[in-house]
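Structure in structure tokens, see below.
Just so it is clear, A, B, C, D, E and F label the chains in written order, and each chain counts residues from 1 on its own.
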Amino acid sequence: MSKSADEIVYGLKREYLEKICAEGNRIDGRKLDEMRNLVVNTNFVPRAEGSAEVRLGDTRVLVGIKVEQGEPFPDTPKSGILTTNAEMLPMASPIFESGPPSEDAIELARVVDRGIRESKMIDLDKLVIKEGEKVWVVFIDMHILDYDGNLIDACSIGAVAALLNSKVPASEIGAEDYPLPISHVPVTITFAKIGSTVVADPNLEEEEVASARLSVATNENGDVVAMQKGLGGSITKEELFSAVDTSIKVGKDIRKRVLGR
Amino acid sequence: MSKSADEIVYGLKREYLEKICAEGNRIDGRKLDEMRNLVVNTNFVPRAEGSAEVRLGDTRVLVGIKVEQGEPFPDTPKSGILTTNAEMLPMASPIFESGPPSEDAIELARVVDRGIRESKMIDLDKLVIKEGEKVWVVFIDMHILDYDGNLIDACSIGAVAALLNSKVPASEIGAEDYPLPISHVPVTITFAKIGSTVVADPNLEEEEVASARLSVATNENGDVVAMQKGLGGSITKEELFSAVDTSIKVGKDIRKRVLGR
Amino acid sequence: MSKSADEIVYGLKREYLEKICAEGNRIDGRKLDEMRNLVVNTNFVPRAEGSAEVRLGDTRVLVGIKVEQGEPFPDTPKSGILTTNAEMLPMASPIFESGPPSEDAIELARVVDRGIRESKMIDLDKLVIKEGEKVWVVFIDMHILDYDGNLIDACSIGAVAALLNSKVPASEIGAEDYPLPISHVPVTITFAKIGSTVVADPNLEEEEVASARLSVATNENGDVVAMQKGLGGSITKEELFSAVDTSIKVGKDIRKRVLGR
Amino acid sequence: MGGTQSDIKLMNEEGLRIDGRKFNELRPIRIEVGVLNRADGSAYIEWGGNKVLVAVYGPREAFPKHTQNPSRAIINARYNMAAFSVDERKRPGPDRRAVEISKVIGEALECAVFTEQFPRTSIDVYIEVLQADAGTRIAGLTAASVALVDAGIPMKDMVVGCAAGKIDGKVVLDLNKEEDNYGQADLPMAIIPRTQEIVLLQMDGNLTREELEEAVEMSKKAATYISDLQKEALMAKYKSQEPEKEGERDE
Amino acid sequence: MGGTQSDIKLMNEEGLRIDGRKFNELRPIRIEVGVLNRADGSAYIEWGGNKVLVAVYGPREAFPKHTQNPSRAIINARYNMAAFSVDERKRPGPDRRAVEISKVIGEALECAVFTEQFPRTSIDVYIEVLQADAGTRIAGLTAASVALVDAGIPMKDMVVGCAAGKIDGKVVLDLNKEEDNYGQADLPMAIIPRTQEIVLLQMDGNLTREELEEAVEMSKKAATYISDLQKEALMAKYKSQEPEKEGERDE
Amino acid sequence: MGGTQSDIKLMNEEGLRIDGRKFNELRPIRIEVGVLNRADGSAYIEWGGNKVLVAVYGPREAFPKHTQNPSRAIINARYNMAAFSVDERKRPGPDRRAVEISKVIGEALECAVFTEQFPRTSIDVYIEVLQADAGTRIAGLTAASVALVDAGIPMKDMVVGCAAGKIDGKVVLDLNKEEDNYGQADLPMAIIPRTQEIVLLQMDGNLTREELEEAVEMSKKAATYISDLQKEALMAKYKSQEPEKEGERDE
């Protein structure tokens, strides 16, 4: 079967990237385990209870936190509620479409949510107003503004940064506002497998030729709290543990340098 | 680029209408600021709390009012609720489609709603059953049955006529039914710009060649209470104020002759 | 107009089936009023409040019953709630699609519901926990797993069998679980008109060439409790009453032999 | 069929119903033809408290394309209740009930229309219930047949809808709203008068075999009368148009 | 326009508003151009407490195909509020308000863009409100014009939005959130400065004919100033790019 | 992972779990092949209290057309829970959890299927959870591999799913529902036994690096056993068919 021009170009690009990665290099000059430049700007939206704008290379996301009163779930009457949503805005890329969340957007929101929820970052037990009747609901809304790869890390770091700077608007119920109760600080690092090389924080060009993706969230103790493999290719056990080790190391750095923890 | 037969016919039609309008005439013999024949038939649906069938030329709409008990919005505990919906039924035109409301139907409902809400026609403060808990909800449902242009005016006049004849079914809660509390009587008049002429109450053929549309709602004092410009063409300041003046004048006539106010 | 190969094959098949039916025979050797082999396996899903797996020839459905606490409808404060849903899973046939229920699935659910509701099979008055506030809601969910015709009967019989074996989980509210209160046992039998012959329990091939469909639900007294004609062909009065008679007869047999009533 | 409130009497000692009708008496029916400008055909029916408007468009190219049938027209009926047509406001848009009713109405019309004459097209029948009072599907179907004729669509015969039911243990014709709510059975039906074929049939409640026969017979008889009303409505339109046509020629 | 709480004073004895502005004074406005990498054109505007980001894609083939216009480009504007942009969290996705605003913004831009030059294409304008403080549609439209220029789309002139309104019985410029909530009228408007054509006009509340003239005039005057800000923002971008371009040549 | 109720003991003093299993013991697994008539391939699995049915259709032309990939088949997995499969009735239709699980299952199968052999087609894998008891995605994926073989789709090897987790501070194999609710970590994984590649991997909870290694190893070992069950199930089907085939030939 003959190939289209698009396919040929794609094949060449893939080959090229696989080759330089195999040699230990990357298209933008980074080391294999090196993140792109990461800038986090908190309190971008003062009207929200918390917010953070994240630039990870040319990827840009804005995370806003709203904290509102609501009813607890019937099976967890003594617990606040956490809910996470990602909007892959058509503004951010010609390939994103308007309409209900795509399966990519759903996976993105769920992976970010899992890192925060499973690390027990937020102490949901402290968000009860009246047991079984009223609790604080924490809404994490992630707006993708500019897409150049690795949304999982940009969104995760943005969500964590925004939560660390969020307040509970207790003045609404006659008390004093207080900071969101934080127990842990998870950081998620994502890897892409290009040919047989694994790189950290893939940019868009790298993502396009990757066969597999792996996200590893760790906490400040170096424990693994969430993972997600993606794409239609496989990874080896060795690749998994190498990624885990890098995630612990890079996570520690980001926690300190960017999140101030 | 060559044009299709449809485009050529459309171009000729547009030219023709622009020409006769420029000469102060209209395709159906009306004067530039003259409405088509307007017939309002209230209480067409006795089972509803209010209703009005409107024929504006060959355009025909049926507006029904339901008044039901409901919860107030949290931020307006001392106020009843008004909600307006337009159904551009596929019955009414070969170009209307089944399915969720089009953006035209949404704009139509919102423009009609704005004329009624912003004129403070209904005294929503008098529609409270129990403050913060139970209020009367007024549903305006506009059914487009036959489409020959200018739905905004047909629907607005129908909604106002139906509301003027509506009752609050207070017998449901052990009191006596009473008429909906009315404070003002807004009338909306819509204009179309054809070439450089502005005409009132455009019919379908005129709408099809119009570059801009302007709706002006006024109350019984001659104040302007709502406006909406539509379509991808512009209007001048002079056209705006000429339309405002006509709207005040024609509105007064309709208020008296058709609405009995 | 020339016909496609598909249409010619379909025409031949239809002619053939019409011919053998006219001679009193059927493609799978059954008599005109004979059902396919019917196997009902209750309690297939022990975690549900009731369930039944039905195989009617090669058609296979799984019906699950959930009984949960809920609010009564405002106009029936002294009555439990029955709700019926059919999922024509894409698993069951290459012609079923994912997504919201098709009109076929909606009709299927409503016809099954009608047979159960109108026969007063379940004594909904006995499903009240607190009048006007809390009642038991009975959910009938029908999962179509393998489609070889006559879903109405497979689902109806499955729903009745599952309900007969369902319990009300009253232990949730501190009482003892008890069997769903049953007053009647309806059985629905469906017929297809092939040419001018009416056959019972059509299989997929028969359904495909049928001009009309008729479902008749009867109760243990031989009364008719629900009917539904389907498809774009007609039936005669004689065909109707012949179907009613067969339904009463076959229904009695199924009630005894399969449902144990 | 609610049927639980056995204390509600729907028929008095003289055998008259709450609206004064006899057991085999229809509610008043009025049909008007050609009531809309934009549609290819239209009709309006008042049947007791029911007010139903029907518009027909077509035959026109079926859209989207994959719905086209290469050997015949598809009939696309859409039954819709206005939000204000019922006591408690109905949310706009089709619910499950409306989907089912649209389906059986479309199938009933398919029995009468010569669909083979218009391959790849759709005939769209829009039925709007403006006020509802039991029997809307039957009223809508009866008006739809007239609107199809008004649109010039060739048919075997006009389909006629009628319903019978059971109240206070007696089979009666054409239930009204209270009878529908508190009666024991409802049997909406439609036939093609010329051939006596049954093209729509639904039933819920409880009828013995004998009652069922009685109900079917009663509706069949009424159908003849309703069929005449359909024809008169069509004639009335053509009569009323004659002078207009003269006038047009004069211009 | 709430307008019912007449006890809320929005203007003091010296005629100053709650944020200290005079009656005909705009809130601070800051525009940045070319702020996104992926989009063909982009702009960011801060207008009082409003923060709005705009991206433009196109002209590109309109999709789905049936939306294509054989004689011109379609302008597809999508106004969207971030869930966290308002006090009470907004559910993601377009509500009826957003649909209407998208429509009038798109129509306003259509008045200025030379759409005939790009038949069968769409020009997609995505307006994201990141923080809302009254006047978001006007801020978004003003930034959208700049983003269109940044995308290289040919236009008559940049559209400029501005709003006037009425508080405490006085006509004032550019309502903020409290003024919008408790004032008596709001009149969002947009013009093409070069021709003074009005391309967007909405109004709600209560204005006499004279107040309406005053409001329109006030916005028109402000538009000239805002138009200059648009141009400065574009110039700032091109200036800032020059050294970069030099640098690129060096490599 | 709830993990908060530390007072719930999931393992007794002898190291036995609440269902009597040892730390590295699987729940009973039973696989049946070719259980449906209409589908091209099918399988049914019972895994502890899980009951999952899988049907495969394809390779068939992908629809709608724009989803076609010119160089390979797309795998379209759809994981769906029956409304009655869980304690509290689930609303029909896919929720966000189901969308994610469908995605990771599809991606895992893609690692094993020779998709390049069938350009422009889709291979549709429908996974219906009839009763759920923790580990449904793993059970579904394991059965899906078998159903693919039953449909005659060429694969590198059958994918095998297995999960490990942590309860009461110990790494254990194959969590059941209570262990999933009250345990401290869950790690669903799938591998291709022949190459030991990891094709699905998710994790939530809390594991040290050492525990993670232990968990991965435990699942890998179990996968060999499950792989054998898959093969036996396929053999059982072909054996059972032989006499039938003989019979067919006789006719």
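By our rule, a contact is a pair of C-beta atoms (placed from the backbone, for glycine too) under 8 Å apart; a residue touches a chain by one contact, two chains touch by 3 or more.
The model shown is predicted, which means the values in this text are computed figures rather than measured ones.
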Any chain that touches subunit E and subunit A: none
Graph distance between subunit A and subunit D, where chains that touch are linked: 3
Neighbouring chains common to subunit C and subunit D, by label: none
Farthest chain relative to subunit C (centres taken as mean CA coordinates): E
Subunit A and subunit F: spacing of chain centres that average the CA atoms, whole Å: 27
Centre distance in Å when subunit C and subunit F are each reduced to the mean of their C-alpha atoms: 32
Distance between chain centroids, defined by C-alpha means - subunit B, subunit C (Å): 48
Pairwise touch network: line, ring, star, complete, or other: ring
Chains in cyclic order, anchored at subunit A, direction fixed by subunit E: A, E, B, D, C, F
Touching residues on subunit F, where the partner in the complex is subunit C: 36-39, 49, 51, 53, 55, 57, 60, 78, 80, 82-89, 92-93, 124, 126, 128, 130-133
Contact footprint of subunit F on subunit A as seen in their complex: 1, 3-4, 7, 103, 106-107, 109-110, 114, 117-120, 125, 214, 219, 222-237, 240-241, 244-245, 248
Sites on subunit B touched by subunit D in the complex: 44-48, 51, 58, 60, 62, 64-66, 68, 85, 87, 89-94, 98, 100, 139, 141, 143, 145-148
Touching residues (chain side subunit D, partner subunit C) in the complex: 1, 3-4, 70-71, 75, 96-97, 99-100, 102-104, 106-107, 110-111, 119, 187, 192, 195-209, 212-213, 216, 220
